[in-house]
Amino acid sequence: MARPITLFTGQWADLPFEEMCKLASGWGYDGLEIACWGDHLDPWQAAEDDSYVKAKLDLLEKYGLKVYAISNHLKGQAVCDDPIDQRHKDILSSRIWGDGDPEGVRQRAAEEMKMTARAAKNLGVDVVVGFTGSSIWKYVAMFPPATAEMVAAGYRDFADRWNPILDVFDECGVKFAHEVHPSEIAYDYWTTVATMEAIGHREAFGLNWDPSHFVWQDLDPVGFLWDFKDRIYHVDCKDAKRQVGNGRNGRLGSHLPWADPRRGWDFVSTGHGDVPWEQCFRMLNTIGYTGPISIEWEDAGMDRLLGAPEALEFVRRLAFDAPEAAFDAAFSTSD
Amino acid sequence: MARPITLFTGQWADLPFEEMCKLASGWGYDGLEIACWGDHLDPWQAAEDDSYVKAKLDLLEKYGLKVYAISNHLKGQAVCDDPIDQRHKDILSSRIWGDGDPEGVRQRAAEEMKMTARAAKNLGVDVVVGFTGSSIWKYVAMFPPATAEMVAAGYRDFADRWNPILDVFDECGVKFAHEVHPSEIAYDYWTTVATMEAIGHREAFGLNWDPSHFVWQDLDPVGFLWDFKDRIYHVDCKDAKRQVGNGRNGRLGSHLPWADPRRGWDFVSTGHGDVPWEQCFRMLNTIGYTGPISIEWEDAGMDRLLGAPEALEFVRRLAFDAPEAAFDAAFSTSD
Amino acid sequence: MARPITLFTGQWADLPFEEMCKLASGWGYDGLEIACWGDHLDPWQAAEDDSYVKAKLDLLEKYGLKVYAISNHLKGQAVCDDPIDQRHKDILSSRIWGDGDPEGVRQRAAEEMKMTARAAKNLGVDVVVGFTGSSIWKYVAMFPPATAEMVAAGYRDFADRWNPILDVFDECGVKFAHEVHPSEIAYDYWTTVATMEAIGHREAFGLNWDPSHFVWQDLDPVGFLWDFKDRIYHVDCKDAKRQVGNGRNGRLGSHLPWADPRRGWDFVSTGHGDVPWEQCFRMLNTIGYTGPISIEWEDAGMDRLLGAPEALEFVRRLAFDAPEAAFDAAFSTSD
Amino acid sequence: MARPITLFTGQWADLPFEEMCKLASGWGYDGLEIACWGDHLDPWQAAEDDSYVKAKLDLLEKYGLKVYAISNHLKGQAVCDDPIDQRHKDILSSRIWGDGDPEGVRQRAAEEMKMTARAAKNLGVDVVVGFTGSSIWKYVAMFPPATAEMVAAGYRDFADRWNPILDVFDECGVKFAHEVHPSEIAYDYWTTVATMEAIGHREAFGLNWDPSHFVWQDLDPVGFLWDFKDRIYHVDCKDAKRQVGNGRNGRLGSHLPWADPRRGWDFVSTGHGDVPWEQCFRMLNTIGYTGPISIEWEDAGMDRLLGAPEALEFVRRLAFDAPEAAFDAAFSTSD
Amino acid sequence: MARPITLFTGQWADLPFEEMCKLASGWGYDGLEIACWGDHLDPWQAAEDDSYVKAKLDLLEKYGLKVYAISNHLKGQAVCDDPIDQRHKDILSSRIWGDGDPEGVRQRAAEEMKMTARAAKNLGVDVVVGFTGSSIWKYVAMFPPATAEMVAAGYRDFADRWNPILDVFDECGVKFAHEVHPSEIAYDYWTTVATMEAIGHREAFGLNWDPSHFVWQDLDPVGFLWDFKDRIYHVDCKDAKRQVGNGRNGRLGSHLPWADPRRGWDFVSTGHGDVPWEQCFRMLNTIGYTGPISIEWEDAGMDRLLGAPEALEFVRRLAFDAPEAAFDAAFSTSD
Amino acid sequence: MARPITLFTGQWADLPFEEMCKLASGWGYDGLEIACWGDHLDPWQAAEDDSYVKAKLDLLEKYGLKVYAISNHLKGQAVCDDPIDQRHKDILSSRIWGDGDPEGVRQRAAEEMKMTARAAKNLGVDVVVGFTGSSIWKYVAMFPPATAEMVAAGYRDFADRWNPILDVFDECGVKFAHEVHPSEIAYDYWTTVATMEAIGHREAFGLNWDPSHFVWQDLDPVGFLWDFKDRIYHVDCKDAKRQVGNGRNGRLGSHLPWADPRRGWDFVSTGHGDVPWEQCFRMLNTIGYTGPISIEWEDAGMDRLLGAPEALEFVRRLAFDAPEAAFDAAFSTSD
């Protein structure tokens, strides 16, 4: 049986949840990865109010959709970030932002992440997808010099802030799937290694593998699946296109907005970029990943109503199952 | 006559200035690009005390060295940076750091940059090399989302803080050469374009071209010289090696220290990296750059006493002058 | 609303114009870029005879087709070319070829280009697509040596011959879109820069951007659109495939005919080659190009009746409009 | 008229022949390349029993299928191989394996190849596809050192064993098409040159061109067609994907099974790999190859029932015929 | 202090040992990696006769040479190989070859490997370099099909044959350094992983890292050092040049002799090939490898008397030590 | 004994011949490839005047120089060229240019080529290096369309004009070595194939292999040596650097002068470009080329007095002889 394909609702949170369900269902998606913002899912209510949960599940059922994971990138981001500034205010609810005092914001965000684990449990979902934030991302240029001790302190800060959250995840029997992503504590291969060490490889903490962030950093998304095969808890399909090679577009994006062709890379609709999708899906078969493939649709140069169904069709065609028998079995002789 | 080759003293500021002079002279350098830190050059004294200036110049003369430019990267960095934190404290003098209040640090740093222009004038030097800092570098990952207006505000902040400094440069007949570098307002091609626009292309503000930052960002250092040919005020030779290609080392460096082979790129001794030096030097001939080539020696995996003379030899061999006549002139007939 | 897609009739001029209309309409094209040869369009008649124009427009209307541009590559080629030889005779009408005296041919061709501007005006079309020819293309190998003065004379010859033609274009309110192409005055990036300078950047003279000629010369068709964004007057979609890489096929084509796989590159049906179409169409959106995309179908290894509808489908799928809002708008909070 | 597309039955020999016919016919294949194993074709019976032949042909006709070639890779392999071991036993019938004495196995295999020529003749087919085996493949690593004389002896052994077989082919008016493939006497370009020389370029011996073995060896399958154009007797379409580039997957495959993503390359469904199919098909048009294109479907990571019809559709779209006239004929003038 | 550079005597065993010493000493080598063939070193005598050992050590001392490792590739090769044939006879002494019965050859070779451990101990050397041989190398093409069980049996055969040898190594306090190399049990990355597993990662068994075999297999020799950093017991510097890229030269070498430019790769003098030497040496510094760098000189297209001293000079220039302090220490302020 | 290295005097013909001898001798060159222009060599005098020849040879002997080949590119160019124009006038003597009538120029140039054969014979030299010119080079862009017949006529014109010249070469026992070069009848791989066919592969006509023209056309200079191994009569070492890759510099050079960094490629001093010199020299050893290696020094961005000795040192280091014995001979056992 083919793997379920879901749509992440994060980029559609301006639409009412039911409209989102209607669209996704109409295009043929098997389910949703529901974002904990807009009116799509309030983790506090879902953690505390059974009728709220039931209403959500009923709505999904009405549209023939499943939910395998919920996502709370925006609040997770605030747990470790430093500085906390206007950018965070723009994406946090007033409940979390409060008076904007950085440490208060971080602690309220951490509380919401615990609530999100409880919400997941109540929804019958065993994975929460999200970001961790990072207090050391700001050192990425390594100038002014950041010492090894400053970097180490960042990983400790992450562990200190997330271990209590993960304790709640363990209580709920839910896992957290961090999306490896610039601006997070783990943003590439070796930072993922260091992050896993910082948290003692505890099972509650795994990865949401999204290859779009790999290709422009020159990382191999396929080998990454192999190396972290016991920590791949969720898969987000976003694509990215390298646009370097003319000598003027740089890897770091030049502070230019999405869809500006002078950026050195950009997010594009799944199948329009440089991710080697088929090799990725084959590796997911090999490592025995059994969860959904969720399309996180982001392309500032294309209409999402055009892109989302096209992306589904693209993924369905390539995310085929492995066969039962090896092809050279047919050569065997048993006369 | 061959172009002078100088040594930047920034990475040697732990040595007394005279020892630096002795070493550079012994290796055969033509001069120094003197750093405004350690005991190499105090811009306040140089701006205000003629005897201090004379002593420096006498010392240079004793060792047969010239000075074509002085550098003040560390204080320039603090003019626009945000946040201002421990990293800045580690590289600033107590005179600039003071009580560490960010806005105070920025303003004191700006004052020192004005002093540096005056120091340059007194030394008979017409170029100050340095950094600008940036209030928007922290947005480089573009998540949490930074709006176009936030980015525009960063360029305006740069202009507001540097225009008064550049007024002093104009008074002194000295030019500022900004090193295009991650963590600065201009860190690649298109940010350099935007920076020049922000400051109205005023002549006092130009560039210190250092190709090491270009190669790992996939930028073409040769074409950059052509496009900004009227603003190339100084040349720093640092080299960088891309170490991606194994699927695990990433472009962003993984917060790993210099010389760790898991970084996706690293600074290396001039001639050991990916900069197309000969093409660069040929382009410098073409655009009519007449200043020095200054070796900024940085390689955390090599002993600097081994590297500095080797780099000089490397550059001397490739930075040859253009010839007088075209080679096909010999085909002409005048029988 | 989606951008109109037209078919250039130049490679179909052996068919009667009405048959061409029928075919294009049947395949679903939105319009035609009409060639001024065969019976497709006689610019002299169209310039002087209103009934001729009306008949053409009626025919287009009958087939539901629009016309946004007309093309006269073959006569434009003769305006500057040197030598004028059998190849020109083969593609020129006897009216232009006359007795074949080179200077006479050039002048009659220039007259026809003026007529073509008038024909465009009468047809309600504001762009004429074409070639310029070049008196210096023959120097491309630079051996026997061509002096800088010889090259400069070629650009002057171009300006001298085309300025009077462009005066007529200005009178008619029509623009000329030169196709950057080997054998023309502007055949790559830097020759386009020089050509624009030669003609004082006058607005009547712009470009027909056809990326097929870029990819085998190692030019970036996307960056070209950005750099000449105010002079992109028309877009022709032709594709080309590089066939080098076996050590024997050379970039210059070895005088081999089209469709010979030993050529180092070849024209192929749109979507079968190396043009990065999607990136190109996205850039056209970015620079605000509002004209048609015209498919110039050339593939000597494929049947045109198979290729023309396939190319239309290919372009329709990728030449999508830009969306209204940025995708990260959905992250905003307004609780 | 379009070129026939057939399906090679070798990887389907576990299915009864009629079921194979039914499947292939249902998917739209034009014919079969019938394997001489399983119950698909017994060359001994086909050589000696007319009713057996008639029954096969009737069955094909019932399903609207043609046969252009038959294949006997497994027995051909045993003709020259050394050592002969368990791997051979697993793929040979007991008639050929007998007591397993190596020389006996080789001679019985050679007899079967003669029978296969006769079978082909009786079926009205003029090409037998297969392998030759090789006594020197085991020297491929060149350590322990293999002398030039040892290698030369291998080519002589091949000629000695195959010339008598080819004599029978000549008698039957049938040609043998060897598949260039690792583990065979000819496995790349220069070994094919040497093989042809060993056999005196006799016409009975030609090639079954299968590009899947070329791409991972860095060979150009297109140029190969040109260079051996008079010896291309059959075409098998198998695809292969290079999976190197992460520094850990090696060209030699690491003894890993098919479909393991750690292999440096793998066979994949036609159109999913690195073969430049369109360029290949265009070259087949150019060299005047008039035979079938046979899909040899092998992909251990995909279900064959999904892959075989998809591969057919892929090939049909790209294996188009060459056109009648050159496109620039339309530029000619005959007013 | 700089790392010692030694010369491997295997390719010079036609010369008397003393002449070898004289040459190496004259060129400036620090020592020898002595081959156990020719008259260079007889492991049986060295294991059993103290005066033989003393004579060797005296000779080395006379020429100012050290020995850090001895090598016995040729006998190690025979321990697991299958088939055993003329190639083995050509490189084995008659003591080991005996009557040529394969199993007898393997066992006598195993005995010599034990003796080599004892010889090493007596010479005061703690590393023996060599090959293992492999019973499954012959399956490298995977056709005729080799089952997973056949492959697994090969690793078990290796463990069964080498564990008793390694027991003797443990007794002697000597380690075995296997050279990862085609035709051996471990010939690339994943076979090295499997080999280590087969032998339970026992400490007696480690690696002789020779990057020449990596580059043509598309393996990253630098990352390999990191991943196996606790098992790098010796370093051999051989270089290899990829000669593919013309579409005709293949990765597998076409059975062509060394120095034939039609081979897809070849061994070349250190520094003339594709090994990224400087990156390798930097990684050796990083992982703390403290042993010698031994030049294994092989280049069939160059005179060894020219090449050996040139290679030494090349390696000396690049195999520099890591420095004491980081370069950015000079930025620190302590005013 | 090492291969002789000579200097081509063509780019030095503005200097008196004796000064040229002095320079070349001083730098250590073994001989000269003497150009038939300037005062270096007058082929008419050398053909007819023994004392002139003796004086030249005496001068060479005085400076310890040999001559292996003489060159007459400039006159050879005029034999087939069309059009003949100012560029030819600039490089031809008045004896050949005469009244400038194209056909007369061609015939007088042909006469001089015959004289050059006679001059070579008198000098004791058996190779004349040069160009052929081409009447079809002007068709290189293939637009306006050039028919296959027009191209064929060009090869016939070449054969018609050169066969009588080659008859004289045969009489003199001298060979003509054509330099494959854009603007000539043979300018790449396939045009060389066609050229050889046009002239019936007659032995008098061979090649002067100069790899600088290969690299920017993406041709493999090493494979070319193999394929034309029986027609490599002379070797000229010129180097070229590709300067494409920034999206703006094009393969065709943009009519820009030499040394302009915006050109897509340029001639550079031997060893500063993209020619794989060592692989080339190894192939020359393999094919048994026994002639000189002649440095044709062209680099418009470097002083020739600096470049010529540097190029000699570069070539001497890499153009080493092949060794006597294979390296693995040392593995053999003969105990």
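The letters A, B, C, D, E and F name the chains in turn, as written, and every chain counts its residues from 1.
Here is the rule we use: contacts are C-beta pairs under 8 Å (C-beta built on N, C-alpha and C of every residue); 3 or more make two chains touch, one makes a residue touch a chain.
Because the structure is predicted, anything quoted here is derived from the model rather than measured.
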### Summary
Looking at Cα centroids only, farthest away from chain C lies chain E
## Note on the structure
Maximum distance between Cα centroids and chain D occurs for chain B
### Task
Go ahead and note the Å separation of the Cα centroids belonging to chain B and chain D.
62
### Message
Counting only Cα atoms for the centres, state how far chain C is from chain E in Å.
### Response
62
### Message
For chain D versus chain F, what separation do you get between their C-alpha means, in angstrom?
### Response
46
### Query
Residues of chain E that touch two or more other chains: which are they?
74, 90-91, 144-145, 220, 222-223, 245-248, 257-258, 262, 328, 331
### Message
Can you tell me which positions in chain F touch chain A when the two form their complex?
### Response
245-248
### Query
Taking the complex as given, what residues does chain B use to touch chain F?
220, 222-223, 226, 278-279, 282-283, 285-286, 320-324, 326-333, 335
### chain C - residues contacting chain F, complex
74, 77, 83, 86-88, 90-91, 136-146, 148, 150-151, 154, 181-183, 187-191, 194, 216-220, 222-224, 244-258, 262, 264
#### Entry: Contact set on chain A toward chain C in their complex
10-14, 37-38, 74, 90-95, 241, 243, 245-246, 248, 257-262, 267, 272, 297-304, 306
